[in-house]
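Two complexes, one shared chain (subunit A), two partners (subunit B, subunit C).
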Partner chain A sequence: MPGGSGRLACVGKNAYMAGMDGTESAPIAHQHVRFTGGLTLECGVTLPDLVVAYRCYGRLNAARSNAVLICHALTGDQYVIERHPLTGRGGWWENVVGPGLTIDTDRFFVICANVLGGCMGSTGPMSPKGDDPNDLWGTDFPPITIRDMVRAQKKLIDHLGIERLFAVTGGSMGGMQVLEWAATYPDHVYAAVPIATAPLHSAQNIAFNEVGRQAITSDPAYAGGLYWRQGTVPERGLAIARMMAHITYLSETALTRKFGRRLRTGTAVSFAGDTFEVESYLQHQGSTFVRRFDANSYLTITRAMDYFDLAAEYDDDLARAFSGTKTRFCVVSFSSDWLFPTAQSRDVARALNRAGANVSFVEIDSDKGHDAFLLDEPDFHRALAGFLSGCAEHAGLP
Partner chain B sequence: MPGGSGRLACVGKNAYMAGMDGTESAPIAHQHVRFTGGLTLECGVTLPDLVVAYRCYGRLNAARSNAVLICHALTGDQYVIERHPLTGRGGWWENVVGPGLTIDTDRFFVICANVLGGCMGSTGPMSPKGDDPNDLWGTDFPPITIRDMVRAQKKLIDHLGIERLFAVTGGSMGGMQVLEWAATYPDHVYAAVPIATAPLHSAQNIAFNEVGRQAITSDPAYAGGLYWRQGTVPERGLAIARMMAHITYLSETALTRKFGRRLRTGTAVSFAGDTFEVESYLQHQGSTFVRRFDANSYLTITRAMDYFDLAAEYDDDLARAFSGTKTRFCVVSFSSDWLFPTAQSRDVARALNRAGANVSFVEIDSDKGHDAFLLDEPDFHRALAGFLSGCAEHAGLP
Partner chain C sequence: MNIIQPPIRYVAKNMRLDQRLIAEMIKPGSRVLDIGCGDATLIDHLFRTRGCDARGIEIDMAEVTRAVSHGLPVMHGDADNDLAYYPDNAFDYVVLSRTLQAVERPREVLRHMLRIGTRALVSFSNFGHWQVRWKLLRTGKMPVTAVWGRPWFDTPNIHPCTIADFFELCEDEGYLVEDWLAVDENGRRSPWRKSARMANLFGEQGLFLLTKA
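Moving on, here comes the complex of A and B:
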């Protein structure tokens, strides 16, 4: 039982991840909480049974005022700083979160939940529709939105007995959730740090997502979305989607520095069967991804990203999304991020300014592209740590 | 017989395009010339029989000094300003080439050849290996290079009795050929206009190409490259490759202007089965492409692009590729082109400067992305027309 809070009980085991690699692998038990009241989604459909899988790190203080919610990106999950149960690899933000680190678990109680629609224990396409554990949602899983994800997280936060989050942060799609948290629950968020994100998904973002979806649904192993019934996985399609997306996460400079035109075999191009290093790297990215991610989740979550347009929820006025907010904001972008360019973060900062919010905006000079928020970027870590420290002081946190 | 030159005979019909849409459609006869001496490629393989399909516009003057060779891009072809025999659509550069236009066919004799490895009549994977017209190269087609493409074009130019081209121009992969022409045959090129191109294919360029190739070869209809034997086409894979590539041809601004977040159905996102306009646009781009392009050609030509590294052919010194050149250069880039960014054109211009070449460099301010060279960009057309006029004057062309 993490977090040291007596109320934070793991109420059961969630075992619906079996068979993702096409074999009858042992089910994975994700720490989770079940809300039998369900959740009515923005599309109007009610999920009768809502499970939110999550992990916590650090200790919740007596005042329950030191909680930091981390929102993960499209293919991230709740395993922020621990061994991933499927891949065996370390957590995706181990360089940022931990004792004495930027998000200091000696000071903060860190929570991360698998998003609604995900495939690491929270309710999603691989969850049972009802009582029959073998009758999964699959393609019947309703369309969800970033706001739906946030509303599911809010239930978790309520369950944990936390009235106000000290901070909400996350990059990319995680940053969208941060913005939605601040807009939907302004009184429950003391500080918000949206990172490498945007107030809407652009036409180019949608276009890349759509190509990924086409790759998945075109794979015959996708079987109209019923692959899980036949124990298969649309590996090729999912890998292609991942390969393409991965290019968009890196800058041209980063790819050139990492791989340039180096060949995997030999030094000079012989024009016969040569493989460039960047090709095998991408192929590796694709093939490892399919072992840990569900195709229908990928379709569902990318759709949620595409739907995201925060201003549209507020009469096309982004400032109105934050009117009267008391939340303190630090908007972070990276100079070489071409998937969520700085201009989009600047739009967020401007809207916050128009709303009279307390906002700082920092563009980190980096040549690592969108993925910079996951990498060692000392300037970013310093900015994040400094902002959180300042806010903690203002909030009277020890 | 085009061009008004008595020597420019079409020596036969080339009928190896049948069945590309999986049906026994009527073969298309492309104007072409056959070189029975074949061509030995850089990889060492000799193509015993070389066919170069081409089209000409305008009249070759008596001195044979007014020829402009246009080199087409990856998925372009020789049908520059006329109805395409497969799609029925107009030529890809009708806004640039024609009587009184930027490349004035009242003044210049314009030639465009389908590239080696292509699928519009020049020798490529859909060509017969030998005498049996049903025994095609397919995946046995050897790897080719941009230089191989240029050497095939040189044979055509020799055949047409043209000692020196007045100009060579082209965008994207066409620009790579322009650079290779100037490097390999400096005495045969009076003026060179490489447009929206680069002296090498970057890691990011290779990465995008590789994803496209994976999409094609992952399609079960690809059948290990033998789809043509069974009368099928890897339509889904080829369409996905095209969709992804198409995103890279446009800028984020262009996509936003063209489509924004507009929906195909209704005005507000209902989170249920909505389709964004950009999605259906891309799907259309993909589905129309498969009707006119061969999958093995796509693999072969993208590989040739990936191999391209002009400096590597000259001891990693790009200036040496042009040492002593008398060719006049105009290097053109577009400010919003992120596939072949201006920095790469600037590298070409700098190398030409180091080589003491006569070079002008112009970055056209445009928000249309890489495809700007195909679109209505008055500044670009003015720059191109001005450069060609100046060169024509210097060359003593009427």
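Moving on, here comes the complex of A and C:
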């Protein structure tokens, strides 16, 4: 089943995406599957119609035992190793996933789904509420949780006829989904690799998210969340949210190395504007982001992250989330990641020990901050590849 | 593009002497925790030759990364701080090879080992060896030998002990010494198999198999 095409592929109705000029651009057809049975969310609301957009890479073996599910981060999507249909840029994990690479698509069947609440084809605030394609959920979209995202992915995995995933992996919010997968569906996950993540969203991280949300909702163009009706986009607010968040993904060392105090235009000093290189870099990050991301999606997904507290689902005992698990774990953190610091990964590793789980835990020495999991980190790639190889041997995969 | 090397297959001949002796004491198919496992040579050996479910803890991150890169289940941590997070009776054997002298609280570490596991396997370099005694007597300075190779101000070995000390600790703590042996520099086990006093003088390393009495 190369590239996920064939009988399992289901490209149907289009998802809509607002263009950067605020008008509705040509709709993009995302590969997806529709579950007419819907999904009842943790909040109690039932989404009558559930669409899960996804991409697959590699070939599913006859035993259907070589599937690796990749869970993307807050602003990631299912286009892991291919040209993005909206930005035209390469995939976000091209350096890790591919033929002969760390997650080897010659060996594994790689699946990645756009999260529930997202804006790349899966059901989210930009999806039609009912039969009228112009009546979108918008701010009426119910609050969702990381577990809701995982339950939507489970439907996709069932649909693909995969009983047990060989591995589930992902960084940041993707790592939260990995933990939730291992806790909710232990018999369906052979190996789990939560990367640069935490068992709960810390007060500091909720605080950062809240600043981003305030930036968005206070942008007049947000129009109380009804911007899509008037064909505008809260570009300013969304860009500021992205700029602030982007700082948290880096480290002081990485910023200093990349930009230092370099001025953008010689020695000119001005009161405002992009005097320093780091400023124009951030502004660029902000402006490119608004082209591809929906504001209400951003609010919905950041909220889902904030709600995440895996132990709370198990009487505040994280070990209970994994009791009796047979899943093999590899917990990975990065030394300069201050958004999801190593101490939080260590908490996960220790809880897994208390549960008697088979766990590897490594902190990769890196000065690139939280984003290190997306970047060229040879030690990380070696550890990930080695862990997967070891698990493949135990699982009897060729 | 990064090239992924195939995992290196360790073989027994690469193992340290004490690790080989430890491996011989472990029953096939056991659950084993190796504390201070280094690059997990023993873990790999136990898995491949004895079908054991062996896991490890290591304090040196570079070693952890190397072990995980070879597909071996090792976590970063240390004997003093991480053993508390393992449940009771989770392992058949808990191994501490050449690490006891470097931990902060050896007695607590041993207690945890016998809480987590049914049996503890402990190997350590014997500070009662005649060369150590002779050097201290002759020079009046902290002995530096092939085994105790670093000066007193620059050694991680903060709790050296002798084979006699260890017997005494086991008695105090109520541990049953199921088996023990001492080896000299060349790995020869005899002729002190029966005499703890002789072993304490000529044995370079001690290896103990303990259970709770």
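For the reader, a short list of remarks on this structure follows.
By definition in this document, the second predicted complex is superposed on the first by the 377 of 398 C-alpha atoms of A that agree within 3 Å, B and C clash if a C-alpha of one lies under 4 Å from a C-alpha of the other, contacts with A are read in each partner's own complex, and residues count from 1 in each chain.
Following the convention adopted for this analysis, contacts are C-beta pairs under 8 Å (C-beta built on N, C-alpha and C of every residue); 3 or more make two chains touch, one makes a residue touch a chain.
Just so you know, these numbers come straight off a predicted model, no measurement behind them.
Within the superposed three-chain model, A:186 lies out of touch with both subunit B and subunit C [touch as defined at top].
In the superposition on chain A, A:27 contacts neither subunit B nor subunit C.
In the superposition on chain A, contact is made by A:393 with subunit C only, not with subunit B.
In the superposed model, A:256 lies in contact with subunit B only, and not with subunit C. The residues of subunit A shared by its contacts with subunit B and with subunit C come to none at all. The touching residues of subunit C, when paired with subunit A in their complex, are 1-2, 4-7, 53, 55, 61, 64-65, 67-77, 82, 85-87, 90.
On the side of subunit B, the complex with subunit A involves touching residues 41-43, 142-145, 200-204, 206-208, 210-211, 214-215, 218-220, 236-237, 239-240, 243-244, 247, 250, 252, 255-256, 258-261, 268-274, 276, 278-279, 282-283, 286, 306-307, 309, 312, 338, 341.
The touching residues of subunit A, when paired with subunit C in their complex, are 95, 100-102, 104, 328, 330-331, 346, 349-351, 353-356, 358-365, 376, 378-379, 381-383, 385-391, 393.
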